[in-house]
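Got a structure for you, written out below as C-alpha cells; questions coming shortly.
Order as written gives the chain letters A, B, C and D; numbering starts at 1 within each chain.
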Amino acid sequence: MDLGLTEHGRGLRDAVAEMVRTRIAPLDAEFHTETGRTGNRWEHTPRQTEILKTLKDGARAAGLWNLWQTHLAGGGSGITTVDYAWIAEEMGKSWLAPEVFNCNAPDTGNMEVFLRYGTDAMKTQWLEPLMAGELRSAYLMTEPDVASSDASNIAMRCVRDGDEWVLNGEKWWSTGAGDPRCAVHIVMCLTDPDAPRHQRHSMVVVPRATPGIEVLRGMQVFGDDEAPHGHMHIRYTDVRVPSEAMLLGPGRGFEIAQGRLGPGRIHHCMRAVGMAEKCLTLLAERGVARQAFGGDLLSLGGNMDKLAEARIALDAARLMCLRAAWEMDRAEAETGTMTRAAPFISQAKVMVPRVALQVCDEAIQMHGGAGVSQDTDLARTWAHLRTLRLVDGPDSVHLRTVARAELRARALH
Amino acid sequence: MDLGLTEHGRGLRDAVAEMVRTRIAPLDAEFHTETGRTGNRWEHTPRQTEILKTLKDGARAAGLWNLWQTHLAGGGSGITTVDYAWIAEEMGKSWLAPEVFNCNAPDTGNMEVFLRYGTDAMKTQWLEPLMAGELRSAYLMTEPDVASSDASNIAMRCVRDGDEWVLNGEKWWSTGAGDPRCAVHIVMCLTDPDAPRHQRHSMVVVPRATPGIEVLRGMQVFGDDEAPHGHMHIRYTDVRVPSEAMLLGPGRGFEIAQGRLGPGRIHHCMRAVGMAEKCLTLLAERGVARQAFGGDLLSLGGNMDKLAEARIALDAARLMCLRAAWEMDRAEAETGTMTRAAPFISQAKVMVPRVALQVCDEAIQMHGGAGVSQDTDLARTWAHLRTLRLVDGPDSVHLRTVARAELRARALH
Amino acid sequence: MDLGLTEHGRGLRDAVAEMVRTRIAPLDAEFHTETGRTGNRWEHTPRQTEILKTLKDGARAAGLWNLWQTHLAGGGSGITTVDYAWIAEEMGKSWLAPEVFNCNAPDTGNMEVFLRYGTDAMKTQWLEPLMAGELRSAYLMTEPDVASSDASNIAMRCVRDGDEWVLNGEKWWSTGAGDPRCAVHIVMCLTDPDAPRHQRHSMVVVPRATPGIEVLRGMQVFGDDEAPHGHMHIRYTDVRVPSEAMLLGPGRGFEIAQGRLGPGRIHHCMRAVGMAEKCLTLLAERGVARQAFGGDLLSLGGNMDKLAEARIALDAARLMCLRAAWEMDRAEAETGTMTRAAPFISQAKVMVPRVALQVCDEAIQMHGGAGVSQDTDLARTWAHLRTLRLVDGPDSVHLRTVARAELRARALH
Amino acid sequence: MDLGLTEHGRGLRDAVAEMVRTRIAPLDAEFHTETGRTGNRWEHTPRQTEILKTLKDGARAAGLWNLWQTHLAGGGSGITTVDYAWIAEEMGKSWLAPEVFNCNAPDTGNMEVFLRYGTDAMKTQWLEPLMAGELRSAYLMTEPDVASSDASNIAMRCVRDGDEWVLNGEKWWSTGAGDPRCAVHIVMCLTDPDAPRHQRHSMVVVPRATPGIEVLRGMQVFGDDEAPHGHMHIRYTDVRVPSEAMLLGPGRGFEIAQGRLGPGRIHHCMRAVGMAEKCLTLLAERGVARQAFGGDLLSLGGNMDKLAEARIALDAARLMCLRAAWEMDRAEAETGTMTRAAPFISQAKVMVPRVALQVCDEAIQMHGGAGVSQDTDLARTWAHLRTLRLVDGPDSVHLRTVARAELRARALH
C-alpha cells in the first residue's frame, strides 16, 4: 500500500506546487475581484481572459497539463491516482489552479465520459478541444423537484421522436454551465420509467447551442453565484438531438454515471485537503501574529490543542484520500474497473470534507471578524467545502455504501 | 426559578408571534430582494421604506414597541428579562422583525447606554428619536488591527485638545453604520495608554455628520454585505467632539461596555433560538416532503435521530438562555447590577450559537443543494449564526469567564 | 415554568444535602469495602447492617423518608416532582443515600406499582413494609435472549392452569434481586402471544420464596457485581402464583410498565446530575492540586476550557431534567396522567447520562492513573452512568420517542 | 510511503492471525476465569501455566517469536515497523496473544532498554531470559504523589552511598510487577534535583528480589486488578544496588526514557486497532442477530450510519498508526534515531485510543446489558482502551508535542 509519490509524480507535484505558490495563487484575489466589472458577471473581463491564457500557456508549456489523466483515465500523464492525489492537493490551494492545469470539474469527469463512452465524432468535436482547454462543458444531473441523491428519481424526460431524442425538464446545480465557453452538456435523463430501477435512465450529449435550452439563473452557494463559472438552473423545452447523441444507448445512464463519478468524487476530496492545509496555515500564522490577554492567541485557552487536533484530523483525512486513490489503482489493475474501490472512495468522501470544514472553522474563529469577511479566503473556502458534503452524493448516501460494504465483507447481509 | 412567561408577557409574546408569522416574515424575502434596486445598496428603496413604515406603525399601534425595555432597562414595557427572552425568540424568526419592534441591535444597547449614562442633552437629541424608531445608531468597538476580543487592545486614540476630544483611528464591524438613518456613533477609544488596564479607555458620543468620518467599505459576512444595515469599516481622521460628548468621563469605557453588553449578548442568543426553531421546521418539513430510496428522507439512515437530537439540543439551549435571563432579573433585583449574572450569560453565549448552527447545518444537509442556495433562508441564517460565535466576545472569552467563575465559587483560585 | 424549589422542598433539599454530605457520603467507602467480608458477597456484614440501620433511622427521624412520594405518587411527601429532582440530585452524591432515604430503585417504582395497581392484600403484604424500608423488591423485565428494548419481545411465558398462573423463562439485570432482604418480584410476562402487540403481556407479583425461582448469577457492570444489591440473572421453572397475583388482569402489562417507568426514568437522571457534580468537584480540585510543566494542571492546554464546557453541559442537563419534572407535574395536574410528559422525559434521558459521562470522563483524565483506579470514585461512577444509556430504554428508543413527538406536534406524521 | 506489508511480513502476519484466531483467542476466557482459583490472584494456576507454555512453545516453534524486534530494534525478526504494526493489530485481538508471541508490554520496552543501553552482564542476566520468555520485568516510572505526565516531577530518590545507589520512594502502575515471574525492575529515579531539568533523573536496574522492595497492592482499572499480571503500587525503602546498575550513568534517565517509549507507545496503538476491529465485529454481528420493532437492530435508527462511521474512523486510525510506523522506519534509516518521528507517534497516540473507545462504546450500546457485562469482552476492552489515553503520556502531552512540531515546521515558534 504505497501511498507515496512515484519519482515521476514527485517531480510533477513539486512543479505544480511551485507554480501554484508563485504564479497562480497570487492572482486569485484579482481574478475574483474582476468578476462582473463589465456589467455582466457571466463573461470574462479582458484581464480575466489574459490571466487565464497566460497561466494556462505556462502550465501547458511546463508539461503540467491534463494531469488528471492518470493511467486509470487513459494514461496520458503517466502517473498513478495516488500521484494525482498529491498533485490535486496542491491545486486545491488556489481557486484558479484547477482550470489552469486543465484539471477542473466538471470537465475532467466529462472528458472521462467522452474517452470511455464517446463516439469518434464526439471525441473530435468535444473531447479534443476540452483536452486543449479551449472549451468548457457541464454535467446536468441534479434536479430541483426531486431528491437527486437517489439518482433513480431523476425525472427529465427524454423520448424518441423519429431519429431524434427530445428532452424536457429542469436541471440545477449544473456547474460550469454559466461559463461563456461552455459548449456542451452531458445530460442524465429518464428514457423508460417502466424499466427496472437502474435501466430507466440514459445519458445524452447536447450542444449548448441547441434550441430550447434556457439558463434560468445561477444558484448561489452561501450567497455567492461563483460567476462566471456558476452553478446554473437550466430549463430544457423540446430540446432535440440526433439519436447518436445518446451514450452507449438507452438505459445505460447509471452505468455511465458510476464510471464517471468515481474519480471525480475523490478529486474534490484531494483538493479539499489542500484547502484545509491553506486554512491551517492561516490559523497558525494568525495565532502567533495577534496578542490578547498577555500572550499570543495560540497560547490562550485550548488553542494549541486545537492546532494539534487540526493537524491530526487533516493528516488522517489525507491518508484516507490517498488510500482511496491507491485502492482505485489496485482495483483497476486487478479487475479492469474501479467498482471495488467504491467503499473506500465513500469513506474519504464522508471524512475529508468534514475534517476540512472543521479546520476551516477553527481558522475562522482564530481570525475573529476577519475570518467571516472578504479579507481572508476562509468564508469562501468554508462555503465551498460545505457543498462537498452534498455534491457527488450527500454524506448519507456514502455512509450507506460504507455500511453495506462492511456487512457484505462479513457475509452478514 | 420561574423560566415561564408572566401573564402580561404571554400576551405580548403571543401578539408578537402572530404579527411575525402573519405580517412580517412574509415580507422578508421581498425586502431582501429590493436591496440595491436603486443602484445604491446603502439606501432604502421606496418599497423598503414603505414596508418598514407600515410594519413599524403596526407594531407601535399594537403596543409592541420597545419591548427590550424590561424592568432591568428602565421598565417601559413592564416585562421581565425572561419574558423578553420568549418574545425575542419570536422576533428571531424574521429578519425584519427586530427593527419592526424597535428591538434591533445595536440600537437597543445604545439606547441603554444613553438611558444609563447619557446627559439630558443626549437623551433629547439621541435617545428620544431612537426610542421613536426615527434614527439608527452604531457602536464602534472592534478594530481591524488588534485582537479586539481583549478590549484592552482597543487603540483608537482620543486626545484632549482644549475643550474638545480629537479621535483618530479605524473601526470595523460597526453594525448598522451603513444604514442611511444612522445618525450617531458611540465610540470606544483609548484616552490614557499609561493608566491601569481597565481605566485606559473611554466612551464618546459622535454625531455621524461630524467631519473626518469616512465609511471605507462594508464588511461581508460570508459574502453578504447585509446592506443597507451593514457592518462598516470606518476611519476617523481628526474627528472633534466637545468635551461633554464623553460618557461619564475619561477612563470609564470598560465600565460602560460591561453594562452595555450584558443584555445585548443575551438578546442575540434569544433570537438565535428562534432562528434555530425556524430551521428545525424547515428540516422536518423537507424531511417528509421528499422521497428517496423508497421512503421519505426522514425515514432514511439516522435522520430521525438527527431530528430528535436537534430538538433536545435546542430545548436545552433555550433553557440556558431563559436561565441567564432569570439570573439577570434576580441579580438586578438583589444587587442593583447584573454583574453576578455574567457567568450565566457567558454559558448561554457559548452554547446557544453552537446549537443553533448545528440545527441549521442539519437542515441544510436535509435540503441538499437547496440548503446552501438562495431558495431557502438557511445559508443566510447559518452565516448570521456563525458570527454570533465572534460577536460580543468570542467563545474563548466566555469560556474563560465560566471557568473562572467556577473556580471562584469553589474558592480554588 | 417554575423550575425552582418550593419553600417546603427547599427545606427538605437542604436537609438531605447536609445529611448526605456530613453523614452518609463519608460512609460510602467503608460500606463498599465491607462487601464480601463474610465470605458471601450476597449478604450484609454486621457493619453494613449497622450502617444502614443507623442512617435510615436518622433519615426517618428527620422526616426525610419516602420523599419520592411526590404529589404525583400519592403525595406523602407534599412536594412536587421538581422539588424531588433537586433533592434526588443530592442523593446522587452518595452511593448509599438513595436507600437511606428509602428512595432507591427499583423499590420506588415497585411501590408506585403497588400504590396504583395493587390489591389491598398486596398493599398490606408488600407496600407497607417497602414503605417502611423493611423489605426490598425486584422488577423482572429484561431477558437475556431477546432485544428487550422492544418490550413486545418479552418472552417469559405465563399460562393459566386452573386458579393459578404458571411462569417459565429467564430474566436478567433484575436489579436488587441479590439483596438478602429482597422479598418480592414484579414480573413482566407473556400471556397471549396472539393478542395485539400491546396486549400480549401481563404483570405478575411473585413472592421471592416461591418454589421454582433460581438466581443463576449476578450480572457484572464493567466487572462489578454491585453486590449485595446486584443485578441478577434469574430462572423461573414452573413458578406458580394464584390468579389474583396478576395486576389489573391479563394483557395489561404494557399499561402498567408505562405508568411505572416514567418517574423512575427521571429519578436516575436526577441522581446522575448529582454524580456529575461530584465528578466536576473532583476535576476542579485535582486540577489545582497538581503541578506540571510549570503550572497547575488546570492552567495547561485546554483544561480551563474543559472545566467551562463541563459546567455548561451540566447546567443544561440539569435544566432538562427539571423541565421534564415540571412537565410531569403539569401533565398530571391537567390530564391526570403523565403520558404527555413522555417526550420531555425522553429528552432528559438521552441528554443527562451523556453529559454526566462526559464530565466524569474529563475528571478521570485530569486524575491520570488515579482516575481509573480504586482510589477515586470516578471509574465506578463512570460504569454506573454508562448503564444509564441502556437502563429504562436505550438512547435509540428515547430518540424515537422524541422524533415522533416532534413530527406529531407538527402534524407531519 | 509504503504502508503495506513486506512479503516476509505478510507471511508472519498471516501466521500470527491464524494462530490468534484458531488457538489463542479461544483460550482467553478460560485463562481469565482461572485467575485466583488457587486462592491467590497473584500466581498462575496449573492450567494457566499449561496454557501459556503450550501456546508459547507453539509460537516459538512457528518462528513467531520476538517479532517486536524489527530492524529498528536490533533486527532479529527482519521486519519493518510497518510490518510489525500489521502484526500487532492481530495480537490485539486476544488478551493472551502478546505474551504468547513474547511481544507484551512492558517487556518489549525493557528488552529494548537492555539491548540499547545494558551492560554485557545485564544482557546475560536479564535480556537473554526475557528474550526466551522465561522471565518477566517491570518498568517503574509513574508515582502516586506527583503529576507523572511531566516526567521531570519524578521524585523517587536515588543517592550514592559508597559503591552503591540507594533508592527510596513509591511507584505505582508498575505494569507486570504482580506477575510471579517478574524478576527485574527498571526504575526511573531522581539523582540530582539541582541539575538542569532533563539531567536530574537516572535509570537503574533493580532485581526484584532486592531487600526493601514492598508490593503494596494492585491498582485496579475500572475495578479489575488485571491479576496476575497487575499494575502494582510499590514502595522502595533503602533499596541498594551496585553502582553499575545505573544505565549509561547519572542524569541520563530522560534520554533512555525517550528512546524506550517511542516504539512502546505505538505498540499499544497497534494492538488497540485490533481490539477495535474485534469490537466492530461484535457490533455488526449483534446488529443483525437481534430483532426489535420489526427489523434487525442494525436497520433501526442511525445504526447503519454508526457502523459506517466506525469503519471510517477505524480505517483512518489504522492509517495513522501505520504512517507513524513508517516514519519511525524512515527516521531511523535516515538519522539513526527515531526522534524525528515523535510528532507522528503522538498523532497516532491521540487518535487511535479515542477512535477505538468510540467503536467499543458503540458496540456496547448495540449489545444492551450484555455489553457492559461479563458475557462479552466489551467492558473489559473499553476499560483497557481507556487507560491508553493516560499510559505513555496523556493526550494533553501528545497534543503539545504535535502543536509544537507544527509551529516548528512553520518556523513560527
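Just so we're on the same page, a contact is a pair of C-beta atoms (placed from the backbone, for glycine too) under 8 Å apart; a residue touches a chain by one contact, two chains touch by 3 or more.
In this text the structure is predicted, and so the values were computed from the model without any measurement.
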{"item": "Set of chains whose contacts include both subunit D and subunit A", "value": "B, C"}
{"item": "Comparison of B-D and C-D (more C-beta pairs in contact)", "value": "C-D"}
{"item": "Remotest chain, subunit C as reference, centres from CA atoms", "value": "A"}
{"item": "Where subunit B and subunit D are represented by their mean Cα positions, the distance between them in whole Å", "value": "53"}
{"item": "For subunit C paired with subunit D, centre-to-centre distance based on mean C-alpha positions, whole Å", "value": "38"}
{"item": "Multi-chain contact residues (two or more partners), subunit C", "value": "301-302, 304-305, 396, 399-400"}
{"item": "Subunit D-facing residues of subunit A, complex", "value": "1-4, 281, 284-285, 288, 298, 304-305, 307-309, 311-312, 315-317, 319-320, 322-323, 347, 350-351, 396, 398-403, 406-407, 410, 412-413"}
{"item": "Of subunit A, residues touching subunit C in the complex", "value": "301-306"}
{"item": "In the complex with subunit B, residue positions of subunit A that touch it", "value": "142, 144, 146-150, 153, 172-173, 219-224, 231, 290-293, 297, 300-303, 364-365, 368-374, 379-380, 382-383, 386-387, 389-390, 394-396, 399-400"}
